[in-house]
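In the two complexes below, chain A is the common chain; its partner is chain B in one and chain C in the other.
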Partner chain A sequence: MRVPPGVTPKDFSDAIEQWQEALGHEWVFTSDEDVDLYRDSYSPFWHEDIEPVPSSAVAPADVEQVVAAVKIANTYKIPLWTISTGKNLGYGGSAPLLGGSVVLDLKRMDRILEVNDKNHYALVEPGVSYFDLYRYIQDQGLKVWIDVPDPGWGSLIGNALDRGGGYTPLRDHFDAHCGMEVVLADGEIVRTGMGALPGSHTWQQYRYGFGPYVDGMFSQGNFGVVTKMGFWLLPEPEGFKSGTVAVRRHDDLVPLVETLNYLMNSNLVQGTTTIGSPLLASGAVRSATGGGAALVATPGGPSVEELEEIGRDQNLPYWNCQMNFYGPPKVVEAEWECAKEKYSKISGATFVEGPTYQLPYDPKDVDKLPKRQFGIPSLTIFGLMGRSEGHMWFSPIIPMTGEAVFEAQRVFGQAYHDMGVPAINQIFVFPSSFFPRSFVILCGFPIYHDVEKNRRSREVFRGLVKAAAEHGWGEYRTHTAFMDTVSDVYSFNNHALRHFHETIKDAVDPNGILSPGRCGVWPKGLRKAHA
Partner chain B sequence: MRSGFLASLAFALATQPGAASPHPPQQQGERIASSWTTTTISGEGQSRGYVEYQKYCSACHGEGVGRPGTIALQAKYKDALPALLDKRTDLTPQLIKMYVRNGITVMPNFRKTEISDPELDRIVAYLTRNNRP
Partner chain C sequence: MRVPPGVTPKDFSDAIEQWQEALGHEWVFTSDEDVDLYRDSYSPFWHEDIEPVPSSAVAPADVEQVVAAVKIANTYKIPLWTISTGKNLGYGGSAPLLGGSVVLDLKRMDRILEVNDKNHYALVEPGVSYFDLYRYIQDQGLKVWIDVPDPGWGSLIGNALDRGGGYTPLRDHFDAHCGMEVVLADGEIVRTGMGALPGSHTWQQYRYGFGPYVDGMFSQGNFGVVTKMGFWLLPEPEGFKSGTVAVRRHDDLVPLVETLNYLMNSNLVQGTTTIGSPLLASGAVRSATGGGAALVATPGGPSVEELEEIGRDQNLPYWNCQMNFYGPPKVVEAEWECAKEKYSKISGATFVEGPTYQLPYDPKDVDKLPKRQFGIPSLTIFGLMGRSEGHMWFSPIIPMTGEAVFEAQRVFGQAYHDMGVPAINQIFVFPSSFFPRSFVILCGFPIYHDVEKNRRSREVFRGLVKAAAEHGWGEYRTHTAFMDTVSDVYSFNNHALRHFHETIKDAVDPNGILSPGRCGVWPKGLRKAHA
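For the complex of A and B:
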């Protein structure tokens, strides 16, 4: 049996016995065969000793069992790593950051506590997946939509706590939450916002309650175990429309994004938009760049003038952007007209009108609908990733301007070039507005069962984190393998924010048992080793 | 009964316009049967293994557009073997369990809190039902 770091075998076996008593033998996993199922399926450490492997896993069925499990861990100072559905693939899967931690697996807590389609919210437990909530709403005929990330099997709570994103107007998942129940390291149960007021009926309607607003601390944090969370839902829209604007010249991106900001921040265009480039993604450009899509500007690659020339020859716009509109059909038509009017100020702008959907849709048609824009969960994305053993994402936030996109293309192109990454291996996804008022760009790193290749990927990843930080850009979220690296660049005033996090950590979790190291926050006892 | 409870909850919500909730949302709710499907699998007249296969595997290995498992196996075997797992007759129980518990390329492995051993046994029985002895 593997033993957590800093814990004696005797203490650990006592703790195991107590967990078995509290949760039932069946729900305490200790054999290598069972515990290995918690390793990261997309681990960048395959076949390396440094892969963080858990020592065991415990799976409580309700809040009382969570309290019991946490208290036992606190007594013996055993590190726990909490997961909800544990499908954080690309960012660490179900594996802990600190090897030897015990995974606290909340998948069995899968009750949908309430869905309200008059005030439009849901209250769920951590094990409830997007598929589960969607099916429940369909089965009950409720008039609300959920928002889904690409993989539908994740947890509303797990995803929101890692600050994930989706595609509809409620795509910022942490921002869409309202009210939490949290178990602290000493086993105390806390309810946030209006949940702190016994008998309140507005836990899922008014976020803040009274006094300091603490919910944010539990996102990308390690200050508690979240056991319930409320989410705002979208009233089922009466219609949906999409439309695409395309512009011809490289520099047209600047007014394109400026107009997009105006439209999105005025709520005339809703949901995630992504900047695309029919030109840069074309076969003609690929052959001119030796297989790379020229999404990043590799030094020595084709110049902007040469690319514009190819665009003119092949009749390919340099940039485009698909926009989505949600609401009654006459409203979405008017919003589309308004968007076209604004973009028409860019000379040569062209438009492709998408269909206008009358809603509600017939559930039999789901395969024909734009699923993610409609909040319909699926696993389709796993077919679009190419053949590898998984992947991880480098995902910095950049300003939502055309100039920043150009700079990112140049900076990451140069960084890849300096690190000797050939164009064909540069996976650079265009800027998307997954979160309001900023762009996220995604650089994909395939994982292989090949130690050398993965080592190299990790090195390049760290290089990109640094290159980004030098230009004022930082990750919105990262794989457990890079949490220290990313935390290091958020260093204003000599890491004052991290020191503040550590002060809180020491106060609320003095034994350092909850998810040590998550997002760079280490408990006192482990801080030096990871400095 | 589960369906009765959920139906009455929905009824309560539907008949109280504007009401915050029928009860303070403290500890109501019942365990839902988790699955990676957009519809509830009725599975009438079918084996439990069939139902569990639909619940956990069909989002990727089923028929229809955008099923990554089916697409990948089509590319892997061309026409030598069916792309749909449940049309295969060559998969052994050991092999199926190995893939489900170890994963393969982008298909991750599944934990026992997601798919229990008895569930996996029934999925295996369903997938090997037409194997020649």
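For the complex of A and C:
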């Protein structure tokens, strides 16, 4: 049996025994066969000794069992790594950051405690997946939409705590939460917001409660184990429409994004929008620039003028942007008209209009609908990275301006070049608005069952983090393998924010048992080793 | 000279000397004449010894001077009470909660560091008022709107940290913030969100940064002194429209609010809406029910049926609701049409349509515009409470349902009755949507220069806090005089959340120097005295 770091085999077996008593034998996993299921299926450390592998896993059924499990861990100073459903693929899956941690698996806690379609919210446990909640709403005929990331098998709570994003107006999942229940390292149960008031009627309706508002501390954090969380839902819209604007010239991206900012920040366009390039994605350009690297300045490749020329010849716009409109058909039509009017100031702008959907939709038609925009969970995304064994995401935030997109292309192109990455392996994905008022660039790095390839990937990944930071950009989230790397660049005033996190960590979890190392926050005893 | 509690006169005069050196003599106020200006102009303790009066005040010019001032306080363990502009009237003004505290007055820090009207945000210091920022935007001709509370002389940062609200789509002021700079009790400067990344380009564009998101801890808190804060702004809309729906019967409030929820949570109606009652506000009903208490069930007063009868006779709707629409005229017209369609399902619903404004407005017309809805600061609100010497606010959050409004009327009416408050002095204000997805009821309590009247007011105030809590409702914010009272009712699991706050307080401010007692969070040394 594997043993957590710093724990004696005797203490660990005592703890196991106590967990078995508290949770039931069958919910404490210690055999390698069982525990290996918690390894990261997309690990960038395949076949390497440094892969962080858990020592065991415990799966409580309810909040009382979470309290018991945490208290036992606290007694024996055993590191726990909390997961909800463990589907955080691309960011570490269900595996801990610190090898030997015990996975605290909350997927058995899968109760949907309330869905209200008059005030439009849900209260759920961590094991509830997007599929679960969607099916529940469909079965009950409730008139609310959820927001889903791709893919849909993950946990609402897990994703929101990782600050994931989706596609509808409530796509910022952490921002859409309202109220939490949290188990602290000493086993105390805290309810936040209005939940701190016994018998509260507004736990899922008013966020802040009274006094310091602490919810954010539990996102991307390790100060507690979240056992319940409320989410605001979208009233089922009466209609939906999408529309695409396309512009011809490279520099048109600047007014395109400026107009998009205006429309999104005015709530005229809602949900995620994505910038694309029909020209750069075209066969002609891809072959001229070396394929996947199209968007990156490729030394020796065609100039902007030459690309614009190809665009003119083949009638391919340089940029386009797909927008979504939610609301009654009359309103979405008017919004689309206004959007067109605004974009028409860019000379040569053209428009492609999607259908206006009358809602509610017939469940039979689900496969014909734009699922993500409709909050319908799926696993379609897994079709994307055909030839690799998995992926991880490099995901910097950049300003929502055309100029920033150009600069990001240049900087990442140069960084790849400096690191000797061949153009064909360079990755630059178009910017998306998963979060309001900024762009995120989501670059998938393939994972292989090949030690050398993965080592090289990790090196390039770290190089990109550094290149981004030198230009004022940081990642919004990262794989466990890079949490220290990313945390390191958030270093203003000699890491003052991290020191603040650490001061709190030491105060609320003095034995450092909760998810050590998550997002760069290490407990006192392990801090030096990871500095 | 007054001396702070627990500080020797010698230590205090040493500290004063050091502050004078660091900030300049003229920015350290010690004479009673100067310091009395920081007393609460609306104190519910007028002419009583228990009025918390500051011992002195210091006014730093910049963040370096804040660091110096805080470090000196920390050395001598002197309690500081931070204010921005100190205009928090109704909630304590510029006076500390703990008598003898030194006011840390940030109003000299009044730089507008950036206003961006392409990405729609501002970065300001604590001394910047709504008037300041509004004038700056007007002078520069920038195409953004701010959101203002009433009145407009307060600080953007102060109001947001108190979690105040306004009227436009960005009315939840804390929610509209993006990025902070904070000085901790030990003088360390922390930047949150993307500000933790040196040279960040997205400090005001992406909220969370990396790792635990701590901003909420500094709202209604005392864990640090906020010295800079970013705010998202509304792009100047192309149009504005308001419209009012009215319904005839008492029970129509239920579908009225349900429809309002649908419209607001769908973003079809934006900004604050207020429920009113033309019937209950009418002269006929006011004289029959005893005046100001109209909305409260008055024993011996007219029954609902009789009130409905008066409504029918005099053609007065029982309830109405004013809604605001922001956007291009075509869009707001379509939204208003949809709203009317929805409300028309309530039989007898009638509509009054406001004008559709084409924007931008001419600054010459400012006095003809609905200022609060347009984000135009003013001091109009001060005309409201004519015959008193000030006021304080009782402000519970209730669910956004008609049933909850009825129950609140009943509960508060009963509580007043039980406390022997005559109907004429009972106060129940119509529910407003200053925050998304819940109602707040803002009841102004008059303040007098009369010790007995004020004592009685405080007693009634505390009685209402208790009555509210027994029914699952809590205050969103409160006057310093009631912070312990309100904190006490947020007691889930034996005050687990407050203990969590206290654990953090002891860790990040071990000498307890920052705003002791704010929102119920006392430092270790003072905790017992206030339990």
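Definition applied: the second predicted complex is superposed on the first by the 529 of 531 C-alpha atoms of A that agree within 3 Å, B and C clash if a C-alpha of one lies under 4 Å from a C-alpha of the other, contacts with A are read in each partner's own complex, and residues count from 1 in each chain.
The rule we apply is simple: a residue touches a chain if its C-beta (ideal position, glycine included) is under 8 Å from a C-beta of that chain, and two chains touch if they have at least 3 such contacts.
The model shown is predicted, which means the values in this text are computed figures rather than measured ones.
Undergrad: Which partner chains sit in contact with A:T202 here, chain B, chain C, both or neither? Use first/second/both/neither.
TA: both
Undergrad: Based on the superposed arrangement, let me know which partner A:V508 touches: chain B (first), chain C (second), both, or neither?
TA: Only chain C; A:V508 stays clear of chain B.
Undergrad: Scan A:Y38 for contacts with chain B and chain C and give back first, second, both or neither.
TA: Once the two structures are laid over each other on A, A:Y38 reaches chain B alone.
Undergrad: Applying the document's definition of touch, where does A:M194 land relative to chain B and chain C: first, second, both, or neither?
TA: second
Undergrad: For A:D11, select first, second, both or neither according to whether it touches chain B, chain C, the two together, or no partner.
TA: It touches nothing on chain B or chain C.
Undergrad: Of chain B and chain C, which one touches more residues of chain A?
TA: C
Undergrad: Which partner does A:I112 contact after superposing on A: first (chain B), second (chain C), both, neither?
TA: In the superposition, A:I112 touches chain B alone.
Undergrad: Does the superposition put A:D251 against chain B (first), chain C (second), both, or neither?
TA: neither
Undergrad: Of the two partner chains, chain B (first) and chain C (second), which one does A:L268 touch, if any: first, second, both, or neither?
TA: Touch partner of A:L268: chain C, not chain B.
Undergrad: Identify the overlap between the chain B-contacting and the chain C-contacting residues of chain A.
TA: Looking at chain A, the two contact sets intersect at 118-119, 199-202, 205.
Undergrad: Could you list, by residue number, the parts of chain C that touch chain A in their complex?
TA: Counting only chain C, the residues touching chain A are 118-121, 163, 169, 174-175, 178, 184, 188-192, 194-202, 205-223, 232, 234-235, 237-238, 258, 261-262, 265-268, 270, 326-328, 330-331, 333-335, 337-338, 397-401, 404, 435-438, 469, 471-478, 486-487, 489-493, 496-501, 503-504, 506-508, 519-521.
Undergrad: Which part of chain A faces chain B closely enough to touch in the complex?
TA: 27, 29, 34, 37-39, 41-42, 57, 59, 85-87, 89, 93-94, 105, 107-108, 110-119, 123, 125, 127-129, 131-132, 134-136, 138-142, 152-153, 199-205, 363, 366-367, 376-385, 387-390
Undergrad: Spell out the residues on chain B that touch chain A in their complex, using ranges where they run on.
TA: For this pair, the touching residues of chain B are 6-7, 9-10, 13-14, 16-21, 24-25, 27-32, 34-40, 59-60, 64-68, 71-72, 101, 103, 105-114.
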